[in-house]
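You will see chain A twice below: alongside chain B first, and alongside chain C after that.
And now, the complex of A and B:
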């Protein structure tokens, strides 16, 4: 039972990342009708926003070390500590959560620039061409990041308070065996909050209502005198923010490198397709489902039974779902029925 | 328009093509590309692109999993070398057939869906093959190290006829060494044969059906034609081409690694086809040559070379120019590749062949003038 709960938890935080990326993918697809292969690159850019923010906070000047008097030694004195004292140290410690504030405007800008600069010319083109051009864009973005940050993963640490594991087991009465890293729990909670925020934005605000109306019948909404194009562009920016946030907070779990976007992209596409193209709920459900399935498949007991299952489980599920339920788990009729 | 061309015209075209391919070592010398390694890559990826074009160019089905067939071909060929003989003929045949078997299975599953679902399914299955090659199938694929030939391999047939040697044997074609120019000419002959087959497919009623699938599959279904067998045949043929290319890679360099099956490798094949012009006969080959050529040239550049090139500029300008262009060469070759990909898809969806045709149309005003009144007449009536 302990092992079971642990695997579910393990799957949930990875599933959270899948769900967030897949949510943005399917949102863009549902509104603009564009298949965005560069969405994984947005996730990666978000992670590097956190890295950049961390570097910015740690900007330091070289000063003489007062503790060593025998010879002149130098230490790096961060400006933040000089200016703000202990509060500055705290700020630096909390660089990852604070990077949210930095990531949101940056990703919004990137998303809007991408949509206005490239994607809008591809509304009317075939899906194959959309895939190809965004695939090219993804390569370009990841190579740019590579030339700035190098090819090696860059470790970013979570705040000291959240390092270590939470004894969830004793908390809910399951035994001591169930312990889980704090940061992963926070990531899970965070992804749920973001998903809830996106859903309530679409469900409960007038803006979101118009967007949903546009998804259902773009022409009629346009005829009612609403500039639906502008709203869809904003939705693209929103999707970029969601992917970016997912990446930024994922950095303590997985040190970001330039090709992490591609790795997650393939999986997120599978998630979207399993959930049903254009279905938001399906994307979220499938994200968590596949995350959990993957973590179950990597249990030793299962691996002994079916060797190699952990490597292929997601793809296997995708193939089976697509063959049995061609529209995915929650796909609607008439979406992508070519 | 293309279909009405006479068989005689086709034979001439293939003859010219054969001449061009076989004389590559001569006419590529001024470009600094006339060495066996690169020439082999040119022809092998030419085969790959020709095969991919039969699927993507004719039917419009965008497969993101062709690298898997390439890998299967390579692995089977190397296993033939290890187990039976270093002669390349059985290796190539088995490599192609194995890829064909895989293509039947994968194609049968994937072709139940179309459009983006087809792309995702091929991607998923190819990733599955790649992951399996890396993990569970290590006894067959030798995992990360890659499959290599060792002096201690059994090689049953060779052991019957040849003296056993201590060193690692090279691939041969009945005694002709297949690693240098010999390998190039072997692959070149394969490319010419496969190109001939592809021309025949393009001109055949079967090719016409594939085009019909691309332009309007629904209409074809309404006329009572079941499109799936045609699609499956096209998929298997292009998979076998990829398997052939993979086994030829193993022929010229008897080593097979899983990285050949990664989905970025599939992306490169797609790019070759698009760059040259999907659906045209020569386009994909041209694209493969251009990409392999620039990959080779660009990744060999370094800062010293760049300083030489920009040495005519004043010092500050020179360092700026070098700094900027250094991002695009050497390690940054992929950046150039990505940009090229985007520019081609945005501005020249028909590929280089389309661009070439446009230029030709510009240069021949007579034809354009002759065509223009015809349009006006149509509009008037």
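And now, the complex of A and C:
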């Protein structure tokens, strides 16, 4: 039972990241009709927003290191610590949560620049061309990040308060073996809040209502005199923010490197396909579902029965769904069915 | 009167003709044997320069390690050409290097990108050999990539000096006459680590292995399992994880309830950084199991990886080929030279690549020729010292270097940004030496057509 609960938590946690990325992907596809293979790169850029913010808070003066005598080496003395003392140390410790404030405007700017500067020229092109150009863009973004930050993963810590594990087993009447890292629980909660916020924005605001109307019938909304294109551009920026936030808060879980976007991109596309292209609810549901399935497939008992199942389970589900229900679990009738 | 005392009969004429014909056929073979022997691929001949090829991962997961290897090769070329402070040329014994290039020719080099892919590495190496005319090529940092290049080296008759490769197979079942490895291997890691594990962690332990699913991971897992079971440990489970899994949480959570009290991470590079970080996040290091503190072991360490894992490495045991804090004259000369050039200390990958370049250069000077079979013979069973690992043997039977191995521990209290590992023990060469036929393999011929 303990192992079961832990794998459910793992699946939900992983599914949270899948769902956030897939949500942005399907928003862009549903509004602009673009298959954006650079969306994983936005997740990676978000993670590097957290890294950059961390570096900014840790800006230091270089002082000579007396401990190294073989050559002249230096150590870093952070300015924040020099200027603000303990408060400066606290700010540095909370760099990841605080990086949200930095990530939102940066990712919005990146999203708008990407849409206006490149993506809009490919609205009327085929999906194959969209995939090629956005994939190329993803590689360019990766290489830019690598040239600045190197190829090695960069460790970013969660605040000290959230280091360690929560004994949730004791809370729910299970054994002490059921303990789960605080930060992963925070990430799960955060992903649910962001998903709820996006849904609320689309459902309960006039702006969101117009966007949804545009997704359903772009021409009619345009005939009503509404500049739906501008709203869709904003939606692209919103999708970039969601992917960026997902990446920024993921940094304490997975030390970011330039390639992390690609690792998530393929899986997220499968999530979108399984959930249904253009279906926001489908993307979220499929994200959590596939996260949980992937976790269970990694259990030794399952792998003993089906060796290697952990590496193919997601694709296996995708094949089955595409065979039985090509529009995906919650996809609209007619979308991607021809 | 005939000029000849004897008439030439038809029989004797035929005998004479056939003898002449026979000698005419044999003569070129006899007179040209030496000349043929010196005709070899990419012979620099009368050229004033000779070209080496450095094939390292410049993109992909090991790109930072590749960049450090490239720095080391550039430094080695400088020193071989007599520039800079000479580095380890000043400490290496015996040495035939005089800082005047190779056999009086100035050394130049070309670089390639393996992308940590066996196919890309072979293509890049082939380009270097066929287009750039390299006389030797070298590089790391993946065993599958190294093995692929070694095999190409044997096929083409151009020597390959392995960079960072730790799989037993490199100088085991996949050993090649044209491939040489200075770096240690997984079996040696096990031999070195075993006694320290017994001493520091105990002999009644239950181990759970997470292993990268490719040649290096398999051989390391096998070596560590053999060593630890020899100590009396029980192996609870060995789980293969896909290369580049990213999030290892689904592989780590089963460890919590497995009854294991030690987690062995047979991961390297990005996988090691991620799996270790996540193991620490799941509180493994704060747990108690079977009445003992839960321990994590990383059999192969590198400083670059330690940087990625940050404070999570504190106290964790592993092995390494070399570390920049060693106090022997060779290590100090190299660290000073590298530090002065680049502003930070070299990694173990940089060290092994630098040594390999110098060892090849020295073998050429010893052989007095670039002819690969003679250079190979000069390297085989070459005994040397002063290169950072104590007295070292390049064993001729499998082309594996035997030297001291370092058992290291993540430094819980670093005094500088580079002070991430501390040396727990320098395990002497005798303790990590094994019989040449311990792993089955064939080197292949000296001369290739």
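Note that the second predicted complex is superposed on the first by the 323 of 338 C-alpha atoms of A that agree within 3 Å, B and C clash if a C-alpha of one lies under 4 Å from a C-alpha of the other, contacts with A are read in each partner's own complex, and residues count from 1 in each chain.
Quick note on the criterion: a contact is a pair of C-beta atoms (placed from the backbone, for glycine too) under 8 Å apart; a residue touches a chain by one contact, two chains touch by 3 or more.
Here the structure is a predicted model, which means the values were calculated and not measured.
Student: Touch test for A:128: chain B only (first), chain C only (second), both, or neither?
Tutor: Once the two structures are laid over each other on A, A:128 reaches chain B alone.
Student: Please indicate which partner A:136 is in contact with in the superposed arrangement: first for chain B, second for chain C, both, or neither.
Tutor: first
Student: Quick check on the superposed pair: does A:52 touch chain B, chain C, both, or neither? Answer first, second, both or neither.
Tutor: neither
Student: Go through the superposed model and pick first if A:147 touches only chain B, second if only chain C, both, or neither.
Tutor: It touches chain B, and chain C stays clear.
Student: Considering only the touch criterion stated at the top, classify A:31 as touching first (chain B), second (chain C), both, or neither.
Tutor: neither
Student: What's your read, chain B or chain C touching more residues of chain A?
Tutor: Between chain B and chain C, C touches the greater number of residues in chain A.
Student: Could you look at A:255 and tell me whether it touches chain B, chain C, both or neither (first, second, both, neither)?
Tutor: second
Student: Name the contact category of A:311: first (chain B only), second (chain C only), both, or neither.
Tutor: A:311 sits against chain B and chain C alike.
Student: Can you give me the overlap between the chain B contact set and the chain C contact set on chain A?
Tutor: 311
Student: With touch defined as at the start, can you tell me which chain A residues reach chain B in the complex?
Tutor: These residues of chain A touch chain B: 35, 118, 121, 125, 127-129, 131-133, 135-140, 143-144, 147, 262, 266, 269-270, 273, 277, 307-308, 311-312, 314-316, 318-319, 322-323, 326, 336, 338.
Student: Which chain C residues qualify as touching chain A in the complex?
Tutor: It is residues 59-64, 67, 237, 239, 242, 244, 246-247, 249-251, 253-254, 256-257, 270, 273-274, 277-278, 281-283, 286, 304-305, 307-312, 332, 335-336, 339-340, 343-345, 415-419 of chain C that touch chain A.
Student: Which chain A residues qualify as touching chain C in the complex?
Tutor: 2-3, 6-7, 10-11, 13-14, 65, 67-68, 70-73, 75-76, 146, 150-155, 157, 163-165, 177, 179-181, 183-184, 252-255, 257, 259-260, 263-264, 294-295, 298-300, 303, 310-311
Student: Spell out the residues on chain B that touch chain A in their complex, using ranges where they run on.
Tutor: It is residues 60, 62, 109, 112-117, 119-121, 123-125, 127-128, 131-132, 134-137, 263-264, 267, 270-271, 274, 327, 332, 334-335, 337-342, 345-346, 349 of chain B that touch chain A.
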